[in-house]
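In the two complexes below, chain A is the common chain; its partner is chain B in one and chain C in the other.
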Partner chain A sequence: MNTVLSRANTIFAFTLSVMAALTFCCFLTTAMNDHLSPIKIDVNKIIVKNVQDFSTTRDKNDLGFITFDLQADLQHLFNWNMKQLFLYLTAEYTTPNNKLNQVVLWDKIIRRGENARLDYRSLHSKYYFFDDGKGLRGNQNVTLTLSWNVIPNAGTLPRISGVGAKTFQFPEEYTPGNARI
Partner chain B sequence: MKRSSDQIQLRKLYSRILNLLLPMTSAVMTWKGLMLMTNCRIPIIVLVSGGMADLNRGDLFFTSNFSDDPIHVGETMVFQVEGRGIPIIHRVIKLHKKVNGELKLLTKGDENPVDDRGLYPPGQEWLRRENIIGKVQGIFCCCAWETPY
Partner chain C sequence: MDAIKERLNAIPSHMDYKGQKLAEQIFQIIIIVFAVVGFAWGYVCEQFVQTVYILVAGFILSCLLTLPPWPIYRRHPLPWQKPRDDSKEVSQKESKKTGGKKKEKSK
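Entry: the complex of A and B
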């Protein structure tokens, strides 16, 4: 320990070890949080069409259009170890073709410090609600859930579903033409 | 006297070689051990470019790849497609699973305006289970020495 280089090396190694330990403690302080919160979803207009899915094969698949209301207060979920919440609205359903289908219709990023009180009315989905097939028409059990992925500074990335899912049915008939909602 | 001095020199040489090999082999053992523990080809991965919000260059991700851990929409996955050498870390936004377990996935980076179909090789519309390297379980931020602002 009598050269600048060996002293610098020791200090550097020690700093790294201490920082790693501190980061682990940072993770531990928020590891026990359950991140749960109640939410409220309502669905307004629901129509289904059968159109060519331009992003995949040339087949015609079912395309759902819905508008929905969303209320949630997620302010209490934020803490010092949380960088952001990635919110996403999922539609989950079963079709004869596929046992399980999950499609994200809408998402939002809320960074720490931003307003986390949501109150949306008649929101359109951000992404196209295409099915992999023709399983949406007349589907009796489509469940909408709002979930969030907690992105911490250090630690695990849990996915939590909001308490309060909403189930709706698609109509038995396709809506023809260019009808929009 | 000369011979014993040679022996001492030889021992010093062996000792030096072993001291060099020890940390190297320990590192390899730890890495392989992690690979076994997580069942994942790349148990720890460093982000080299953006695409996911607030996950910057230099963040470390811990991944796992257990076959009895089902994939859900909203989870961040590490995947690799043919033709691209670097694995990509993006979120699953669409999932269709058949009765026999066959999976079709679509991914998208949080910050990107469009989904990843353009990244998949021509002719491949969906990601399959074999494209997935692992699921991101944890993050350890800020390990880079230079992070872009």
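Entry: the complex of A and C
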């Protein structure tokens, strides 16, 4: 502590240590949150087609087209330790080929300060709903769930599923050609 | 560059020991007080960035208070003895030194 540089070094190191302790305290203030929230999903149009999936084999696979409604109020999840929420809509079902299939159809990033009250009608999926095989036609039990990945300023990044899921069925017949929804 | 360095090094920046202890206590207390106040304010405002800003303000304040060698840090200088300037003593010391060296070499 005899020279200016030595004193500056000590003060700076002490400040950084205190900053780390404050960040840990910030994490502690929100560590017990459960981040749950009810959501509401409805499905409008449901179509299944059989087309060639160019990213896999030469066979034709089932391609599902759906439009859905989505209502959720996630404003109460945001606090001073929440940087953003990564939402994703998953379709989950069973086929003879695979016991569990999960396909992400749509996602959204909600940053702190942006509107977190969702009210979508007839929303198209963002990503293709291809199946690994032909298991979508006539599938009686396809469940849509909205989940979110919590991204904090300090702490863990858990994935939480919204409360409330929607189950629907695919029709028994393919829709031919270039039918659009 | 060397001329600048020499001039910078020539500025006295020392503090005596009690002054250093006082400086350390001062900056630790200032930063901790600002950290607690900043944390409470950030919690109330629901913005962690306010906590960081208040802590940086505390850092700057403690730098201003403890980096320059203010006179309060020089109130207890070490009691050095006065320099003795006898050439007779110097030559006696030198002969003692060489005597000692000769003994070590013969070992």
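As a working rule, the second predicted complex is superposed on the first by the 181 of 181 C-alpha atoms of A that agree within 3 Å, B and C clash if a C-alpha of one lies under 4 Å from a C-alpha of the other, contacts with A are read in each partner's own complex, and residues count from 1 in each chain.
Simple rule for what comes next: a contact is a pair of C-beta atoms (placed from the backbone, for glycine too) under 8 Å apart; a residue touches a chain by one contact, two chains touch by 3 or more.
Since we're looking at a predicted model, the values are computed, not measured.
Using the contact criterion defined above for the overlaid structures, shared-chain residue A:80 touches chain C, although it does not reach chain B. In the superposition on chain A, contact of A:102 is made with chain B only, not with chain C.
Counting the residues of chain A touched by each of chain B and chain C gives the higher count for B.
In the superposition on chain A, no contact is made by A:115 with either chain B or chain C.
Touch criterion met: A:56 reaches chain B, while chain C stays clear of it. By the touch criterion defined above, A:8 reaches chain C but does not reach chain B.
Legend: residue contacts after superposition of the two complexes on their common chain; A:153 is shown touching both chain B and chain C.
In the superposition on chain A, contact is made by A:18 with chain C only, not with chain B.
In the overlay built on the shared chain, the residue A:132 is in contact with chain B alone; chain C does not reach it. Comparing the two complexes, residues 153 of chain A contact chain B in one case and chain C in the other. Those residues of chain B that touch chain A in the complex are listed here as 53-55, 72-76, 91, 93-99, 104, 110, 115, 117, 125-126, 136-142. Residues of chain A that touch chain C in their complex: 1-4, 7-8, 10-12, 14-15, 18-19, 21-22, 25-26, 29, 79-81, 153. Per the touch definition, chain A reaches chain B in the complex via residues 23, 27, 55-57, 83-84, 86, 88, 90, 97-104, 107, 109, 111, 127, 132, 147, 149, 151-157, 159. Contact residues of chain C toward chain A in the complex are 13-15, 20, 23-24, 27-28, 31-32, 35, 38-39, 42-43, 45-48, 51-52, 55, 58-59, 62-63, 66-68.
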